[in-house]
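Shared chain: chain A. Partners: chain B in the first complex, chain C in the second.
Our next item is the complex of A and B:
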C-alpha cells in the first residue's frame, strides 16, 4: 500500500514530489500524538509529580520510604522475579511454537494461528477464572495428579507461586510468539540448507545461524512479556492475592484502600523506570544482534 | 546410459568403475506428480556437468536429492563408491551454491567463508589461512571484514562460491548461481567460474535452464525433461546430434519440416515434404511420419551437387540482421513455420523478400526424428 501511494504521489507530482513526500506523513501521526499526549503523557506527568511533591513542596520522602522498607523492596524484587520466570518459560515454550507456526502451510497454519491467537479474544479475567477452576482442589489438574498416582491426595495449587507463573505464561504466551513468528517468517529457509551443506549439524546450525538471526524477535517478545509481566495485576490478584504481592497490587492498594497517593505514585514511577530501562536495553540489544550486517 | 545399464547388473563393481558420482534410478513424487522417474546419471571425477532443462523438469529436485536436502522415494546416490542415500546433508561433504546465494546475513565475508571449516573443527590458524586463500581465488580478499549485505550481486556470488570450495567438497552443486546477475557480468562469471573449478579439479553439477550457459561451461550436458534425462553428452553432440525432438527444440535453433518417408537405401532415407523431396541419413520403413531438422548454420544459399546436398526452392520472407551474422527466413511447409538460414555475410543482391531462392544443406547435416 505504501508503495502504491508512493508511486501515485510521484506520478501526480513529478516535480514537487520530493518536497512533499515527508510532511503529509508526519502530519498523519498528529492525531495519535495528540491523543497520546492527552491521555497518557499528561496523567503520567501528574503521577510522577505526585510522587515527588507533597503539601510541603518537593520531596524524595516517598522513594526513601519505599526503598528503605524491606517489605516494598521485596515486592519490587518479587515482581521482577515473577516477570523474569514468566518471560523465560514463555520463551522456551513460545520459540518452538513460533517456528511451527512460521513453517506450517495451508490448513495447519490456520489452525495453529487460531490456537495461538484466539485466547487473546477472551478476557483476561475469564481466562484467569478458568485457570482457578482447573487448579482448585477438585479441579482437573489435581484429579489427573491423583489418578496418575503422582500424589496421594489433592494438593494446593491455587494461591501458589507455581500456579501464578503457569497462569501468567498462559495469558502472555501469544505476546512472545507473535514477534518471534514475524522474524522467523522473514528468515530464508535456504540458510539452514546452506549451513547443512557446509557440514553444520542441526545443533550448530541452530546456535550459529537460526538463533542469531531470530534474536531481534526474541528480544522484542521477551521485552514485551517482561514489561507486561512486571505490571501484571489481574492474574496475580486472582490467582495468588495477598500471598504474593506485586508492584501493581501494592499500587492498587495504595490508591484504593490506603488512600496513600504518594506510595501509589512512587510505586508507579518505579515501575515506569523499570519499563523504560527494558525498552532502551532491548532496542540496544536488537541493534547489537543486527550489528554484523 | 550404458553406465547405468552396467550398474543395474553389477551395482558394487560398476559404481566404482563407473564414476565419481553415481545416481542410480532415482525417483521422486510430490503428491500425485512424478518429478523424477528412475533417473540415472554418472559423473566422472573432476568433470563439469550441466543439468539443462525447462523449469519444472525436476533438475532442482535432483540437485536437492544429491545434496541430501531431500530424500528420494527410490534409487541411490553414491559418491566415490560410497552409498550416501541415507546420509544426512551435513555428513555428505557436498557443497551447494544456491540461486539466492544464501549467505549468512549476520556474518562478515570471512566468517561466511570460515563457516564450513569451523563446522569441520579445522584449527583456527588453518581456517584463517584457507579463508584467505579461498578469498584470493575469487579476488575478494580486500572485502574480508565487510558484511555480506553491502556486497553487489556478483560479489555475493563469489563469496558463495568461495564458501563452498574452501571445504574441498567431494562434489559441488550449483543451482542456477548466475541467473540473478545481469547479462554482461553473467558471461564474465561463466568463464571465470569454469576456469576456477577446472583448476581446482572439483567435480561439479550445474543446474541451469539457460542453454548458452550450459554450452559454454560444460564438459557434458544432461538435457532433462519431465523427470528423465533425454540425452547426456558433450555440448557438440547435444547440438549436432540431438537424440530427440525435445533436445533439438530445447537447445539451439533449427528448421523443421514435416514429412513422410518414401524410400530407404544404403543408410539414406528419402522424405517427401511440402517443399519437395529431401534425403537424410537414417533407416526408417517407408511411410513413416517424420520431422526433418537442420541447424541454421548448416544451410547455405545456392545449389549444391545432388550427390551430397539437399536443394530446396523457397521464397524469402524476411532478413534479420544479427550483427556477426545474418538470418534469412524462408516460407516453410506451413504458415508460421519458416526455414532459417544463417550466413556470415549476405551475398549482394540476394535479399529481396518475395524472391525464390535455392537453399542447400548437406545430406549428412539432416536430422530425422520419427513422430511417435
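Our next item is the complex of A and C:
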C-alpha cells in the first residue's frame, strides 16, 4: 500500500530522471549497509576463512584437530548440554509463569510485568556477582538451609554444576517468559472454554488447544535461551571457572592466553554455525507450529 | 478442579520466578552497605566505606566514563544510519527490503564473543589500531539491531503522506523528515535508543577482545575485578548501576510507558 501511494506521488511529479537511474533515495540505506558489511559481514567472513586457511592454503586441519580431540569434543558437548538443561528448566518455570502473567489484569499485570522485565536491564555481571554471593558458604542459600534445618553445616555450592545451571536459568529466564507471554496474551481464553463445552477435559484441552497455539512463543523463547546459553561466557567463568569449560571459554583462552588463532577461529566458527542452525531450526519449527493449526 | 489446580500452579511458578529473579539483585544492595569485606549473610555492620572506595578508584570511574561515551555515541550513530535505512526499507526505495531488514537484526543471533574477535582481527588487518575507535565501531553493530527493530516497527505505522504534505508546504525533504516524521515516531526512537544504550553499556562479550590495559569499559573492569579480588566495592558500583537503571526506567515509563516499550 505504501508503495502504491509512493508511485502515485511520483506520477504527479514531472519525470526528469532517466527511468533506468537508481532511485536516489535508495542511497539512504547506504550508510547502514556499509556499516553492516564492514563491521559485521566482512569480519565474520575473514574469521571463517581463518579457520579454513593456513600458510599452505586451504585446510581442514583446524576442524580435524578440534573434532578429533576428545577434550574439545567434550567442551562442545558440555556447552550444548548446559544450554539444553538451562532451556528446559527455564521452560518448565517460564511457561506457567507466563500464563499467570497473561491472566493477571490491569495494574497487577503492569507491576508483575515490570518485575519480570526489570532484571533484564540490570547488568549480567551484577546479577552473576549477586549469584556468587548467594552461593557462598556464608551466603543466603546456605543460611536458609541451615536455619530451616535441612542441613547441619553449610554445604559447598560454588563451583558446582548445579549452581551453574541455577545461575544461568536466573540470568536467562526473562528471555523465556516474555516471548511466551506475548503469545498467550493474544490467545482468546474462550477457545479453552469452547473445548471444554465440546467435552474435552482440562488435560486434553491443554494438549490439543492451548499448547499448539502457544507453540510459537515456546519456539521463540527456547531458541533465544538456547542460543545465548550455548555462547554464555560471564556466568560460567565466574560461577564455575575452569572446572566446566564452555566453547566461549575455550575460544577466549585460545585468543587471549594461548594465542592459538587457528583453534580460536575454529571454535568461533563452530559457535557461529551452531547459531545459524538454531536460527534455521527455529524458523522451521515456527512455520511448522503455524502450519499445524 | 484440574483447571483450578493448573491456575494455582501457574501462579505459584510466577511467584517463584519473581522471587528467584529479584534475589541476586537484592543480594548486592545490603552487601554494599556492610562494614565487613566478606560477603556474609545476614550482612554485619553498616558503613559507606565501599562507596568512598568507588570515589577513589580511578580505574572504575574512567571505565564508567568510557562506557557512557561509547554507548552514547554508538547509539546516536545507529539512530542516524538506522533511521535512514529504515525509511528506505519501509518506502521501498531499495529492492529486497525484507532481506535487508533481516540482515540488520541478524547480529542479535551471533554470539558476541565471535563478533568481537572477528571485528578485532579485521580491524587490525586493515590498520585500525585505535582502541577507542575500534570499540565505537563494534558497538554500532551492538546497538543497530535494537534500533532497527523498533524504528522499523514505528515507521511501518507512520503515514508518509504527511511528509508529502509538508513538502507541498515548502519544506525540503530532510527538513520534512526532521519536523514531521521524527516527532511522530519519537516513542520508537526512545525505546530503541534506550535498548541500544543499555545493550552497549552492559556489553562484555563484544568488548572483551577489543579493550586494552588502559582503555576498559565498565563491564570488563567489573569482570576483571571479580575474577581477581571480589570485594564489596563491586557491590557498591553495582548498587549505583541498579539505582541508575531504575531511574532510567521510571523516566521511560513516564515518557513512553513500559508495556509499550517492551511490546516492540
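Throughout what follows, the second predicted complex is superposed on the first by the 256 of 293 C-alpha atoms of A that agree within 3 Å, B and C clash if a C-alpha of one lies under 4 Å from a C-alpha of the other, contacts with A are read in each partner's own complex, and residues count from 1 in each chain.
Assume contacts are C-beta pairs under 8 Å (C-beta built on N, C-alpha and C of every residue); 3 or more make two chains touch, one makes a residue touch a chain.
Since this is a predicted model, take the numbers as computed values, not measurements.
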Handout entry: Fit-or-clash call for chain B and chain C when the two complexes are aligned on chain A
Key = fit
Practice task
Report for A:42: first if it touches chain B alone, second if chain C alone, otherwise both or neither.
Solution key: second
Problem - chain B versus chain C, judged by how many residues of chain A each one touches - result: C
Problem - Touched partner set for A:227, first chain B, second chain C, both or neither - result: second
Exercise for the section: Figure out whether A:212 sits in contact with chain B (first) or chain C (second), or with both, or with neither. Expected result: first
Practice task
Figure out whether A:188 sits in contact with chain B (first) or chain C (second), or with both, or with neither.
Solution key: first
Exercise for the section: Examine A:201 and indicate which partner it touches, taking first as chain B and second as chain C; both and neither are also allowed. Expected result: both
Practice task
Quick one: classify A:124 as touching chain B (first), chain C (second), both or neither.
Solution key: second
Completion exercise
Distance floor for C-alpha atoms, chain B against chain C, superposed on A, in Å, equals 8
Completion exercise
After superposition on chain A, the chain A residues reached by both chain B and chain C are 201-202
Exercise for the section: Spell out the residues on chain A that touch chain C in their complex, using ranges where they run on. Expected result: 2-3, 5-6, 9, 23, 25-26, 28-29, 31-33, 35-36, 39-40, 42-44, 46-47, 50, 93-94, 96-97, 99-101, 103, 110, 112-119, 121-134, 136, 138-140, 143, 170, 173-174, 177-178, 182, 201-203, 206, 227, 230-231, 233-234, 237-238, 248, 251-252, 255-256, 264-265, 268, 271-272, 275, 278-279
Exercise for the section: Over in the complex, which chain A residues touch chain B? Could you list them? Expected result: 188, 190-191, 193-202, 204-205, 208-209, 212-213, 289-290, 292-293
Practice task
Under the touch definition given earlier, write down the residues of chain B that touch chain A in their complex.
Solution key: 67-69, 88-96, 98, 100, 102-108, 111, 115-116, 119-120, 147, 149, 163-164, 167
Practice task
Can you check the complex and tell me which residues of chain C touch chain A?
Solution key: 2-3, 6-7, 9-14, 16-18, 20-28, 31, 38-42, 80-82, 84-85, 87-94, 100, 103-104, 106-107, 109-115, 117-119, 121-123, 125, 137-138, 140-141, 144, 148, 160-161, 164, 198, 201-202, 204-205, 208-209, 219, 222-223, 226-227, 230, 234-235, 238, 241-242, 245-246, 248-249, 258-259, 262-263
